[in-house]
Amino acid sequence: THALAPGPNPNPTHALAPGPNPNPTHALAPGLTTDHQNATSVSNHAPGPGPRPSLSLSPGLTPILTPSPSPSLSMPLTAAPSTHRFALPGPVALIGSGGHARSILLALQALGTQVLGCYDDNTTTHGTLMCGVPVRGATRDAPDVPWVLCIGSNEVRQKLDSPGRRFATVVHPSAQVSDHAAVQEGAVVLGNAVVEGHCHLGRLVVIEPGTVVGHDAIMEDYSFVGANSVLGGHAHVHEGAVCGMGNLLL
Amino acid sequence: THALAPGPNPNPTHALAPGPNPNPTHALAPGLTTDHQNATSVSNHAPGPGPRPSLSLSPGLTPILTPSPSPSLSMPLTAAPSTHRFALPGPVALIGSGGHARSILLALQALGTQVLGCYDDNTTTHGTLMCGVPVRGATRDAPDVPWVLCIGSNEVRQKLDSPGRRFATVVHPSAQVSDHAAVQEGAVVLGNAVVEGHCHLGRLVVIEPGTVVGHDAIMEDYSFVGANSVLGGHAHVHEGAVCGMGNLLL
Amino acid sequence: THALAPGPNPNPTHALAPGPNPNPTHALAPGLTTDHQNATSVSNHAPGPGPRPSLSLSPGLTPILTPSPSPSLSMPLTAAPSTHRFALPGPVALIGSGGHARSILLALQALGTQVLGCYDDNTTTHGTLMCGVPVRGATRDAPDVPWVLCIGSNEVRQKLDSPGRRFATVVHPSAQVSDHAAVQEGAVVLGNAVVEGHCHLGRLVVIEPGTVVGHDAIMEDYSFVGANSVLGGHAHVHEGAVCGMGNLLL
């Protein structure tokens, strides 16, 4: 297991060389032992307006595991695909109207999510359509509904995060996400991605289509993994780091 | 964004070096501005016997975008997965009976398409079965139903194209194709591929399983992308070009 | 087509260099000609307690093809997705409780399979939970239901194989597996993988998420292919060989 830390100039296609101060220490050591820690359960799948709860284990990372009751011997462990929990009826507002918005809209359309419009600080986009969605104004004009940050820059997504804001968690229905992964508010998981058990997906992370996030992997807040990549078991992507398209992180 | 042009001897696994006369000029500049051009709407999803319409924007490439009405604020943008529009009841005739036919048959079986038979100019295949489908004769014996060209060679697919012929567009139901991608007649998109918004898929292109075609990418007519590849946003694959398996095109 | 043979120290990420005694000879030559051989039909999808049948073609490999009746011209070739045949109601017992168990559990949860528990020879795991599944004891304590070997080591899976034991075949419902692939008992095919026509998947093989197994490829018993890899058409992975994550095998 190696860790991917952000360098000073993250580049989506050449980011595997860590920056000058990589910090490979796991803030939260993943593994079965945490099954027995008195972990705080944090659910962000129905994001609410309140502040994020304080964490008992480690600042900045929420627990990966929530204790589950033992399954009955006479009942199936689960009767429905795990992605049912990621329904997103909306309404939502898209922040940004460029290429990354087109990528995310594919998931929102498959989910049947109500989209109120795009909001983009580039005034030349105002009044245009992004794949049929009107660009209605600047970010400051966006309504008080959960936002979807359609912005590839990790730095900009981090700047737009604030405790009083709500962010929609977007998981394409074709993505396979374990019920035992911890998915934080605002995470975006695109088509045909796979997220295995005990993974941690931090706030406002982006997983592009076809990427496999192996068991026990950690993506810290505001990180990004490009299309058709693989994060191996126990891989660790640090806060704000970028793993490009088609990369392997062991 | 770089362009992939065909070399004189395209090789599916080493095709990233462009040929001697690469032409990186975009025949159709993708982007939001085309939302406001008076684009001709071209639908090839129910292919008919008529000739292709003439194009106002650029010969050889159809418009990527069709103007969409603004969504109502009180209704979801879309209520159904976007791939529903790619139903293919058939009947169809398969041209070719080799390995690529087996790849495409996987999509046709998932779609429940009626397949009349294979037609192959290699007479030693006549009377045999290809995964249960009888090889009934040569190409000239194929009936007047939409054809599915099960031929990996871009050159041969191009030779078989003609205005009076109908070709089925085959999209595996597990593939995620944007409603805002322009998919031309005869395109084949195999299992678990992803095609994002504003993409252009030309006539008789092939996208093998697991490949991600990023927003605004262009695959010109008769081009081919191998399995688990990534075409990044705005990537451009020229007419008849091959991008091999597991490749990245930025 | 090249063959991948196991070396003395298989390493999941650097296994493409074959070992000192590679045996590239195809035990079963794939191709259409086998359509006409009097192939023995072997179905392992409903594994029973009896011994494996003896094979007429080649020891150690079962036939890829079973003769299929010609489809009626007035009926669809198939009306349902091919993965319906891989229902797995259970109950099953998981052997192992580590990271690979978390990977496989994602498929079992999507299938709605009843899981009785994990059984692991590491006694420190006893009494713990693996993603909510209790670890109930050692391998010798596992009940007489079909087992799912949640063990990444090909060598250990092979050691646990025996004629009197039943193994569940696990295919994630998002995986696209051809009806004309031969899938042997105990094979595991994870999320969004694709297995095309005429493939042979041997006993207790593992195909990790997102991997594409091209037409006519052969994975012999106890072999393993990592996530988002591609086995090209007619590729051959020998008994017990490992093909790592994101690899291409032509």
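To keep things simple, chains are lettered A, B and C as they appear, and every chain counts its residues starting from 1.
Note that in this section contacts are C-beta pairs under 8 Å (C-beta built on N, C-alpha and C of every residue); 3 or more make two chains touch, one makes a residue touch a chain.
Just so we're clear, the structure is a prediction, and the values are computed from it rather than from any experiment.
Looking at the partners of chain A and chain B together, the chains they share are C. Taking only C-alpha atoms, you rotate chain B by 120 degrees to land it on chain C; that is to the nearest 5.
Taking each chain's centre as the mean of its C-alpha atoms, chain A lies 31 Å from chain C. Across the assembly, chain A contributes residues 174, 192, 210, 228, 246 that each touch 2 or more other chains. Chain A makes touch with chain C in their complex at residues 32, 35-36, 67-71, 73, 75-82, 174, 176, 178-180, 192, 194, 196-198, 210-212, 214-216, 228-230, 232-234, 246, 248, 250. Taken together, the chain C residues at the contact with chain A in this complex read 13, 89-91, 97-100, 102-103, 105-106, 108-110, 112-116, 125, 128-134, 172-174, 190-192, 208-210, 226-228, 245-246.
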